[in-house]
Amino acid sequence: MSSHRKVAILGATGAVGQRFIQLLQGHPWFQIEVLAASEKSAGKKYKGACNWTMQTNLPKEIAEMNVVNCDVESVEKAGNVDFVFSALPGGLAGPVETDFAALYPVFSKASAHRMDPDVPLIIPEVNPDHAALIPIQRKARGWKGFISTDPNCSTIQLAITLKPLMKFGLSQVMVSTMQALSGAGYPGVSSLDILDNVVPFISGEEDKMESEPQKILGSFDGNRICPADFMLSSSCHRVNVIDGHLESVFVKLDDNPTVEEIEEAFIQFRGEPQKLNLPSAPENPIVVRKEPSRPQPRYDRDEGKGMSVVVGRIRKDPIMTAKYLCLGHNTIRGAAGAGILSAELMVTKGIA
Amino acid sequence: MSSHRKVAILGATGAVGQRFIQLLQGHPWFQIEVLAASEKSAGKKYKGACNWTMQTNLPKEIAEMNVVNCDVESVEKAGNVDFVFSALPGGLAGPVETDFAALYPVFSKASAHRMDPDVPLIIPEVNPDHAALIPIQRKARGWKGFISTDPNCSTIQLAITLKPLMKFGLSQVMVSTMQALSGAGYPGVSSLDILDNVVPFISGEEDKMESEPQKILGSFDGNRICPADFMLSSSCHRVNVIDGHLESVFVKLDDNPTVEEIEEAFIQFRGEPQKLNLPSAPENPIVVRKEPSRPQPRYDRDEGKGMSVVVGRIRKDPIMTAKYLCLGHNTIRGAAGAGILSAELMVTKGIA
Amino acid sequence: MSSHRKVAILGATGAVGQRFIQLLQGHPWFQIEVLAASEKSAGKKYKGACNWTMQTNLPKEIAEMNVVNCDVESVEKAGNVDFVFSALPGGLAGPVETDFAALYPVFSKASAHRMDPDVPLIIPEVNPDHAALIPIQRKARGWKGFISTDPNCSTIQLAITLKPLMKFGLSQVMVSTMQALSGAGYPGVSSLDILDNVVPFISGEEDKMESEPQKILGSFDGNRICPADFMLSSSCHRVNVIDGHLESVFVKLDDNPTVEEIEEAFIQFRGEPQKLNLPSAPENPIVVRKEPSRPQPRYDRDEGKGMSVVVGRIRKDPIMTAKYLCLGHNTIRGAAGAGILSAELMVTKGIA
Amino acid sequence: MSSHRKVAILGATGAVGQRFIQLLQGHPWFQIEVLAASEKSAGKKYKGACNWTMQTNLPKEIAEMNVVNCDVESVEKAGNVDFVFSALPGGLAGPVETDFAALYPVFSKASAHRMDPDVPLIIPEVNPDHAALIPIQRKARGWKGFISTDPNCSTIQLAITLKPLMKFGLSQVMVSTMQALSGAGYPGVSSLDILDNVVPFISGEEDKMESEPQKILGSFDGNRICPADFMLSSSCHRVNVIDGHLESVFVKLDDNPTVEEIEEAFIQFRGEPQKLNLPSAPENPIVVRKEPSRPQPRYDRDEGKGMSVVVGRIRKDPIMTAKYLCLGHNTIRGAAGAGILSAELMVTKGIA
């Protein structure tokens, strides 16, 4: 069966929407058919509706596409689509995604449905088996489509590094983040707020980081997800960096592995996307750098085309078991790339 | 007895040396008599030997002073001094400070002698009683003078916030730092290394942060310092900020105080400098900001003329007891201001 | 006659409004009586209506003041004021300032009325005699009050440096600017637009820079301003700097003075504010730095409490006559400080 | 005849040397055979001798190469090379390049020999005919090899835009630059000097910009270069940008062309590298952007793989004829890429 699909992007003019467009250029399976955004943008050509902030040029054929309103009727009128990527802002995403999910698979970057019990919160390398929630969701809600969600950007990269540590008996995680500006969208953070400064608060971020990983790393018992039972504490901060969240992580591992064992677990880690050789899967989900001052956002965020998480400075911790730094590209692995990889997984599994 | 003193500054051309000069302008007690630096600078006028990077203009009379070599003979030839501030780089400081201490009180910002058992590691608000090591040191070493040291810049502000928490049974501290560029001296960090970036490593910093606080918060038993028995783990990172170290702190407190009790402990905290009304003492050693996104380096580093530590976001922690952020000006409270306040304390106590 | 005055600030919550509040703290003559802003802010306490971005703390008594709507009735209801500072955005300023001017002197930072033939465009050091337009304006418009305007921020500092060059036969000026972020207000420029970047366009800025200086440096013939007859070309660019516009200036001077003569003209320049010893007048309107790499925004913007223009690198030009750099604090000398100095001048002259 | 060549890079560990290595990865003609650098680096593996600051990873085979000293004997001992790229710093380059030129073609980025009358100062799109100096140079100096130089980074991009304007009767050029940090090498500019700042001085830069373009755009009369007779004035400034020099240019054109005619001249401009389809030649030497706020360093520096110059905001000038902005990647088109393109040209012409 062909894996070719036509897709709509909801919230196509925002920072994550732009990243979806950029990453889907030349994608072997997925073709952008419809661009949808808010009423303010609807009716305009994309180039007139969007302040394009990607480093690569706006593709010409995308520039000339008409933007339509973010509702099922408008999208259906604009083209036949197989499924939908949602890059909608939080508040708006809830009801709009529900409307679409009645008819179409929805791969959502929004937080609205992440913690719904019947909605999978997927990282394809970490918990592909959670896709088993989808038939349950469809049946319960009477939908032809479904909603599959990606975690928060700062959660995804952390959870990828926690997965190979689970076997050591992970019981506690403490994390302090240094997050990039693009995580706040566009225009997002005012230059006057961040130049020569750090903003030690990101609204809602700590709550997401402290609740999502347990669901992601939980187990599916045939009916529902049983959350993993480690505890997590986070402190989230914004630094003057364009892309790439850096996280200082301290973990308690009951089996007390050595630094070498932890490093080996990171390096050996592979998931289903690697086995299935999915188009957007990085060769290594986790890349370990051994230089004392890595990972660094500017140098490491594009590792694996932005889909690898880079880990460094793994060392013993005098209080917990170990500490390390991890870095991920927040709008690729942490957002648009995550959604595309999830869709690739679901297509391969025959779900979307 | 008069508290007027004539001082020499060793390492006068570096970033901390410049800050000493800036802060001593108009000081009611201390007058700069001699400026000493490396051989490269010796023999030049200060304005020709130094790349002045303070925001305030280089004072004219300082600009015209001759820089002498950093040895006792050169300094004595240049003027009569009562004591010495040392802003020397680590490697050099050890033997030079020892030479001077045979004859003069030395207030040192360098790390060389900090952990010597008979050398006090002083924060005047925190452990003024450790000055009692000085007669022991003098006797043991046969010195007319002595060495008193200031802790590492990232340690000072942390230790000030830990002091009022000791009464709650402090047992564990975990801290992730976001440190300013000026902490690396001048020229220090290359602009190409830090623009759009974070450097997650500062050589030697984690070791200092994990060992100095226990000495500072230890108790003097009449002969020596018995280190405090809490454990500390740190992860240190450099961010693109001129001045002001920001630290994300997690503490375990055995008495499990409420957020309000912790906040009250910070706000009520006063030390000997406040009681003695020392010239450089801030009214409040700790200032608590209640806005959700404070403290921020650019807005809060100058609180109390750079001598207050600003604390914010005090909240319960799901793993430890509480977490909070603290911020201090790394070259004022964390360096030159620390030395000056120590000297003021010792002069008042009749030791220097 | 007393120079004490009660003032209202229109547009009090914006970046320039905040600077007015900061600069008027402790002002010997002027006292803030009413804070007015848009409907969105009206009815709130100032601390709740404003995102305070000044480095100094928000004064407590200001924080508790109620913000009222920007119309005459609301302001009069809130207090008795002698005159009004307007920090309103361009579009809004036109009719609102006209309403107030019917009854009160209005010192405006807005561009709306700058080029009105009967409205003076004042820099107190440069063209204080243009105040003679005010009785003409009052008579023509039947107003009890009047409007006096300050030039655009990038124009003010340039015009101050051009004034002492007029005597050499100024005929051409070419200027390329490197302007600070605060010139765009708050939130203004997105951090994603300016990090690791320059934005070579500022809407409307080149037009203002190319037309205002001729009016400012023109002569009053008893009825109207005859524009100065030099030509000016500008190119305006935004750089990643918080405060302080830097301008690269090339001038053609028909008398072909030497570099020393030009430098001397800058250094000797004094205006009426210096003669009258006005509270906000800097001792030197122009400060010349001789170091090869000055002026620099971070080091020189606060010269003369932000009211001096700093000039450097005066050198012969192979095409024109000379080239130099000038720097001014765009929200002090270029905005709020300019308005306050104008008001001080008018009060002293008995006009306001 | 084959165009395959083995090359040595002199100054291989510096910023420009690293860029040479990066750009030569996968080059169809040129293969890196020897890496040479200062005595400090000689004898080490490249990975240990260099602080790699390129965004792409250090190629593994390069990492393991041994660095040799920058003299003919050491290079010859390390491998057989056909020619040499020199990325040496100014002072050192003079005699070292002369030594190599006795035996090998030397393509030099250094300023040492640029203004030698018998040394071509080449931009392949602009003055490929100046290669005719090489036989004259060889004969005069008795060399088997030769020296060919690339202009200063800020000159190259300017000269490329001036070339198509020559036909309009170019008589005057005034330029203010906003130059990137990488132009100063590594570590180069201290972060403390440039954060929240502009440094309005670059040593030697204005002299180079004011003398090189006339040689580049001059004509070869069979024996020597007759400089073009336009006048040029520059003011050079460093801004907080990693890569990409932005220049604000004002030109006097005696034929007074329209904006459309100038734009068309830029767009239509092609040179010999495009006709010869050289491997590193961009399709368009000049790309014109029509958006009001372009070109911008972060978005436009990589146009044409960093080999295109991007022009924008072409407009009439009230004093000269026209003004515009141009932007080029200073370490690709302005340095390593320039040298490689020159070498490709010379290989194709049968000279190297």
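By written order: A, B, C and D. Residues from 1 in each chain.
Definition applied: a contact is a pair of C-beta atoms (placed from the backbone, for glycine too) under 8 Å apart; a residue touches a chain by one contact, two chains touch by 3 or more.
It should be emphasised that the depicted structure is a prediction, and the values quoted were computed from it without experimental measurement.
Both chain B and chain C are touched by A, D. Chain pairs A-D and A-B differ in how many C-beta pairs are in contact, and the one with more is A-B.
Rounded to whole angstrom units, the spacing between the C-alpha centres of chain A and chain B is 42.
Inter-chain centre distance (chain A to chain C, centres taken as mean C-alpha positions): 47 Å. Computed centre separation for the pair chain A/chain D is 41 angstrom, with centres defined by C-alpha atoms.
Among the residues of chain C, those in touch with two or more other chains are 195-196, 240-242, 298-299.
Only residues 172, 174, 176, 178, 195-201, 203, 210, 231-233, 235, 237, 239-242, 246, 248, 250, 292-299, 312-313, 317-320, 323, 325 of chain A touch chain B when the two sit together in their complex.
Interface residues of chain D facing chain A in the complex, by the touch rule stated above, are 55, 195-196, 298-299, 302.
For chain A in complex with chain C, the touching residues are 15, 53, 181-182, 186-196, 240-242.
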